[in-house]
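Got some structures for you, see below.
Note that subunit A is present in both complexes that follow, paired respectively with subunit B and with subunit C.
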Partner chain A sequence: MNTKKIINPLISGKKRKRNEKAIKSVFFLTAIFGIIIIFSILFFLIRETYPLPTDIWSFLSGTIWSPTESLQFGTFSLTVGTLLVTLGAMIIAIPISIGGALFISEIASSRVRSIIKPAIELLAGIPSVVYGFFGLIILTTWIKDIFGVPTGETWLAGSIILGIMAIPTITTVAEDAIKAVPREFKEGSLAMGATKWQTIQKVIIPSALSGITAAIILGIGRAVGETMAILMVCGNAAIIPTPLWNIFSPIRTLTSTLGIETAEVPVGGPHYHALFGVAVLLLMITLIINITAVYLLGTIQKRQGATSKKKKHLFSITLLIKIKKIFTSLGLLFILLLLYLITGLLITAILVIIGGLLWFMRNKISQKNLQKIAFSTLGAAILLIIVILGIILSYIIINGAGALSWEFLTEAPKRLGREGGISTPLIGTLYLVAGAIAIALPIGVGASIYLTEYTKENTLTKIIRTGADLLNGTPSIVFGLFGFAFFVLYLKFGFSLIAGQITLAFMIIPTILRTTEEALRSVPQSLREGSYAVGATRWQTIRRVVLPPAAPGIITGAILGIGRAAGETAPIMFTAVAFSSFFPTSLLEPVNALPYHLFIISTNVPGAAAKNAAGGTALVLLLLVIGFYSIAILIRNHYQKTMKW
Partner chain B sequence: MIDIQKKTKKEGIFALSLLAILMLVITLFSGCTQTNNENQGLPIVVVGRDSASGTREFFWEHVMKKGNFTTTMLEKNSNGAVHQTVSTTQGAIGYVGLGYLDEEVKAVKINGIEATVANVVAGTYPISRALNMYTNGEPTGIALEFLKYLDSTEGQAIVEDEGFVPKTSTGSYVKVDGLLGSITIVGSTTVLPIAQLAAEDFNTLYGENLVAVSGGGSSVGVQSVGEGSAIIGMASRELKSSETTSYPNLVKHIVCNDGIAIIINPENTYVEDLTLEQVQDIYDGTYTNWDELE
Partner chain C sequence: MTSNQIITTKNLNLWYGEKQALFDINMGIYANKITALIGPSGCGKSTLIRCFNRMNDVIDKCRITGSIYFNGNDILQTNTDAVEIRKKIGMVFQKPNPFPKTIYENVAYGSRVQGINDKKKLDDIVEKSLKKAALWDEVKDRLYESAMGLSGGQQQRLCIARSLAIEPEIILMDEPCSALDPIATAKIEDLMTELKKTYTVIIVTHNMQQAARVSDYTAYMYLGKLIEFGDTEQIFENPKQELTENYITGRFG
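Let's turn to the complex of A and B:
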């Protein structure tokens, strides 16, 4: 008996080591999965691009896109369109979202926060098709009437819609980053007599800068890759605005080209190859944006690390200030232009003068007043978000409430969705989302555990992280095209549930990875050290010490993932969906899904009955997402209450 | 350190005030150009379909005479989206199937002929086409029965309800025994409503899911049936020469006819009647304002 007791720990010690190694390699596999996906996407897209119907130079620099008539395949105007729309969207979204994030985390009382935070997450859950229809019916009409332009389907409309869509992504992640700033920093600053606003400005923002930058990267990723909403509101004329700052020109992005043409293009023709060329180009642009962002993030992190450890690089500070300046001036320019167009010359001039005076008087205003001004600006930002949300929600509810009934939920669509209900698309969406999250959650969480817990920063983690960032910036429609080329054509799955699930899973892995990583990093290092000190292995530490407090953050990531997967049309449009009224009986059959059903009945079925049903479908889709969100928010709140260290 | 901060602050103020002046100049400038652009009349907003659309291809061949569209044309991926934009944009012009006509848009007369089902049947309305289904070789089994169903009184009633132009029906459909399995129908989104509705009734009649329908567009329809991934392909146009070479065995079956209406906003009072040449000139960008057409 005694000997056994002595031997046992030895064996289990070896076993433990082996287990630890096995666990580590599993996490390693999940971590490099992102890289594998990126490369296979690139490979399969390029494979389908060949042979490009034109030479590469005229493909990139040509300004005429006429793939079926004059057979010209120039994509330059599409590239410019994509960049301009994204730029506009960021100018709108970044100030509002960061203001919102600051308001939520630093100014709002916990009661206000508990209302506002879910509201913003809700904004993320509104499907892009719904945004598109809201944009097409309400926003473009407003723009047309207010500015007196012939059509509201413009660059401006596209930027506004994309800006709104990027707000929740940026706000949520930025808020997490701000919350992760150690309390001591804040307390120290306040103790030295700084006002709350000074603390926010000089302590909190700089410390949270890496997280805020990550938030902006995520936002850009969302904006560049958005397809369904943008193709409905920006007119899709393949022209470069003249003059270049003409925000009332219709515009066409790379994604909307893919969105409207790919579904109906015959496989293997010149048009088909050219579209895959567009997808590769889109991917390359996002790669460039992301690599730049990753590089920037690196410089900021280096500087931030310096506050606690090493010397400062003067260069990076001035560089950063310059970057900040460029962004603020671009923002100001856009706002002024808008202001002028809305209010006319005189008022703009007066406002510019007032603004200038305020700027020069900045140092003369007392800190208290400055704080008042700043806080009310932040409050206005959050109010704006809430108002936007309110308008969109009330629009959806007013349009959809009439159609809603028990039969609508439980009956299969009949007569093209005009009669009967939406049981098949509803169940189809649930199937798709469940499959996607089941695949994506283990991979995303595993990868982030590997990155934060198992490795120090080295070339490999850099590559893995870059891979995840690149995957995150990959537009959803590119996932759709990849899914089509790989699962549907190459693996011969055909349009099938499984193809849609995996494609959606690939798309949401980086969202989960990013947020999980952020959550894991916010767990204090001292907790881990304490655990190791009492003899726990790495895996035990992760499971018992690190994961529980990080759970709320992981759940937030999963929520964002679910929200995205449930509302996405682009990735499933070419991989999984059919406008059918049957339930799939196997993974290899196509399904109907709510956003696709909505898209088809609102664009392809004439008549008032279809419009009514479309309203109902939009409302159900929204309620479904709210349902997901509420459950997840409840879980998170529960964790937050029980976890205190 | 402090020096640098001070310096950058000064620089910042300088740069920003410079920027403010610059912006004022730009806004003034763009203001001038804008007032210059504001001429009389109503600018034409040309709305068309996407490059992969069969309807666009038909329009391009028969109205545009294979000439180029204006680059400022807004492109939409469905009839419904074209209708939506035209119904909310005062200066817009678009083209949709007759089934999409309602009080929210106004169909212009073409060469003096109104866009109605009766005029298409009579052959006087100039922009119409056949909606087709293709099979690889002569149809058999379920495909044959389904095509028969489409030709029957029941099938053509669906055609008429959906606003398409029916052909003479072959009488009431007679159910047959011994149909087994299932078939898929893929292709044109224009034909899709008819096929979907007919499939629902057909499946109900037989009490089994014999026929499944999905979209994809005319070209996809032809390709799918040619390569065997679908039993019936739908197309809102005739076969191209490249398609007849690739798939020589395709057999055409006309489902019905479809008129294409040229639609404008009801508030557009400039025109009621256009010639085909005028439509062409609008779509190639020769006319840019409705008052040129008054």
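Let's turn to the complex of A and C:
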């Protein structure tokens, strides 16, 4: 053995090790931030709920919500309202989204796909207050005229708007699940002479089923948590529709209750505590929904990771098939009943006859024709999505183009927005967004670096990741209430720019975290190994080898976050905004913001002048947000093409 | 243990989670020679070679016992710094993995992370390393173009140049030719023979002819165990173990 060297040269200097450790702990701190936020949200909401002005049982089951007159705090009608609106939205969104996802991933050519995917992303990018504005001026009028009801502000309007808003979420997640089906499965089926449609039906859909389910659940979570659009189109009467299937009844959800009442509530009174109770209830519902989705998506990853163990079925296979059949027929009956109640006898009868005919002819139609029918149906789903996007965009543009002018952009609003322009809300939004991204970017990027580069998969990373997922699914109005309780009241910031910036930042951290993580993971492991192999430390490897190619992905995530923050109303409604014509001069002053301005002048200010100004504001907001999204999409597409390993 | 053994392993065991991948490996690597590790897929040869520069540190749930002595020091000890080991024991991977940077920056990378930023010094290192890797003549006019534009064989020689640039004592090669065509393979093999004048080379290969052509010593591994280790000529012409003979004569594997 070589004993010439007395000092072991392989032990490095303490200084470098200490540096590496310090860097690691900084990233660790950013990583646990998400969990801290989740728990502080829970903590502050529950803290403000106490003392609840009524016992929990009557709070949950009471049907009368009359917080200012008879002081009754029953939230049951609100919960029912939330569930009904969501149910309606899902009936609309699920078939369209899943059809669309199948079309995009299995049928569309890459050229068609390159048009459809950005279209769906744009649909996701439209701010909810713009959806609300569209619903308020267009959709409700259509419903009123077509169905001859006294007002269009109904459950139906809410469900349609929510359905459209849920489409991008469900489509994207379902598409990912379908894409994750190994190609070998598909090729195996095709190689045996199955048609493409048979392969989709018998191989792809079953393999992607849990992912598709997760997509639907995430869509439900999104719908349950939506505030502004619902608040603007549903009529907001805290009643349970009579009869229960009366889709033309006005309806009120948990979120819209918070949206309407929180701003005016006396702090510390029974109404105040009851509202925080509503927020806790809402958070609980969405937490359950999101945990289910996270769990489902987790099982997919596990299954793809390792060969699955043989499952023991509780029942025999034949019994399972029977149970499945019973459930399917019950489901069909239920849908028929709904159809009948909503559309009347004639349409139901026609649909039943068409469905029956198809069922009996299914063996007579050749597989080729069956495939044609199926593919056209899926194509129709996609077409519908594009048409919806087209309608919304063109109405917003037509409605708003007249109001646009240089003065509109540069003058402060006068007479409650009827005259003048939108300079203060525009600048206010830019301030809010700039602050939010400055806070969220380092935390989000730091956390994702910690997750991908510094840890091996363990319980802690699982908790951190779940925390981020839950934060992602938390309704924006809940962030609003948290900001109100924590920054405005507890820290005594008051309604201020800084309170709004931090609240928005909390909301977009998960977006940034997730896109950054994806970008970091797309850098091949072999590059890291190449760097380690020549003696680079971990931080050197991250800085010089991993971050540069991941930068476009990170920038994309940041811009998506900016777009999201710019369009949100609910988180800033109780933390930062004032309907003002002044620019803030310090971080502790309130600001005006575009989405809030639009919300106020389209719902609270009567008259044609206000309507005109609202149209202009909606267009500017839409252009701003879509501008951010388009830049993000362009950057991503550009680098996807040039990046090759 | 003889003094010209630059690496010796003692009772080396390795687990991935529950699964044991290496069993009691005891072997010595001779300095300035080429040692080939052969054996059927999954026999642990890549795992073993990755122990020598602690590359398994990167892998989840990997646990090692035993010792690996490099110049007399145990590199598996916890106070040993993997970064220092890797400066002395370079590695070339199965698939060429150049960084998405220029050719120049790829070779200069190892020096840069050690804090060398003097342009003249770097120029010198880059030229010397590329020459040693027999790539200089092909790339000297396009040093500042992206390394991603090189052919697979050129990329692999670039990776060799990259690991030579930090002047290691040992170069580990994990199936360096498995992604290359025969012409590029021949170039790398010539290069290896050239390299052993200055360095110790350990190569994992699937290709028995390659092992026979280039190596001085050969180790045959099977199911995580070192079955036979010896002079390449002896292993190929007169194997002592039946398992080795079966493999070499193509009766399995």
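Following the convention adopted for this analysis, the second predicted complex is superposed on the first by the 422 of 645 C-alpha atoms of A that agree within 3 Å, B and C clash if a C-alpha of one lies under 4 Å from a C-alpha of the other, contacts with A are read in each partner's own complex, and residues count from 1 in each chain.
Basically, a residue touches a chain if its C-beta (ideal position, glycine included) is under 8 Å from a C-beta of that chain, and two chains touch if they have at least 3 such contacts.
Everything numeric here is computed off the predicted structure, so don't read it as measured data.
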* Check the residue A:P549 against both partner chains and state whether it touches subunit B (first), subunit C (second), both, or neither. => second
* To do: Could you tell me if A:L389 is touching subunit B, subunit C, both of them or neither one (first, second, both, neither)?
  => neither
* **Partner contacting more residues of subunit A (subunit B vs subunit C)** => B
* Once the structures are superposed on A, label A:Q540 by its partner contacts, choosing first (subunit B), second (subunit C), both or neither. => second
* Tell me which partner A:K456 touches in the superposition: subunit B (first), subunit C (second), both or neither. => second
* To do: Examine A:G530 and indicate which partner it touches, taking first as subunit B and second as subunit C; both and neither are also allowed.
  => second
* With the two complexes superposed on chain A, say which partner A:I41 touches: subunit B (first), subunit C (second), both, or neither. => neither
* So, does A:K17 touch the first partner subunit B, the second partner subunit C, both, or neither? -> second
* Residues of subunit A that lie at the interface with subunit B and also at the interface with subunit C -> none
* **Touch list for subunit A against partner subunit C, complex** => 1-3, 5, 8-12, 16-17, 456-457, 524-537, 540, 544-545, 548-549, 643-645
* In their shared complex, at which residues does subunit C touch subunit A? -> 1, 3, 53, 55, 58, 60-61, 69-73, 75, 79-88, 90-91, 93, 95, 97-101, 109-110, 112-114, 148, 159, 162-163, 165-166
* **subunit B-touching residues of subunit A, taken from the complex the two chains share** => 64-70, 136-137, 140-141, 144, 150-153, 231-232, 235-239, 243, 245, 250, 252, 259-269, 271, 314, 317-318, 321, 325, 329, 332-333, 336-337, 340, 345, 348-349, 352, 355-356, 359-360, 414-416, 494-495, 578-582, 590, 600, 602-607
* Asked: Of all residues in subunit B, which touch subunit A in the complex?
  -> 4, 8, 12-13, 15-17, 19-20, 23-24, 26-28, 30-31, 33, 42-45, 50-54, 56-57, 60, 66, 68-69, 71-81, 83-85, 88-92, 99-100, 102, 162-163, 189, 192-193, 196-197, 200, 209, 212-220, 222-223, 229
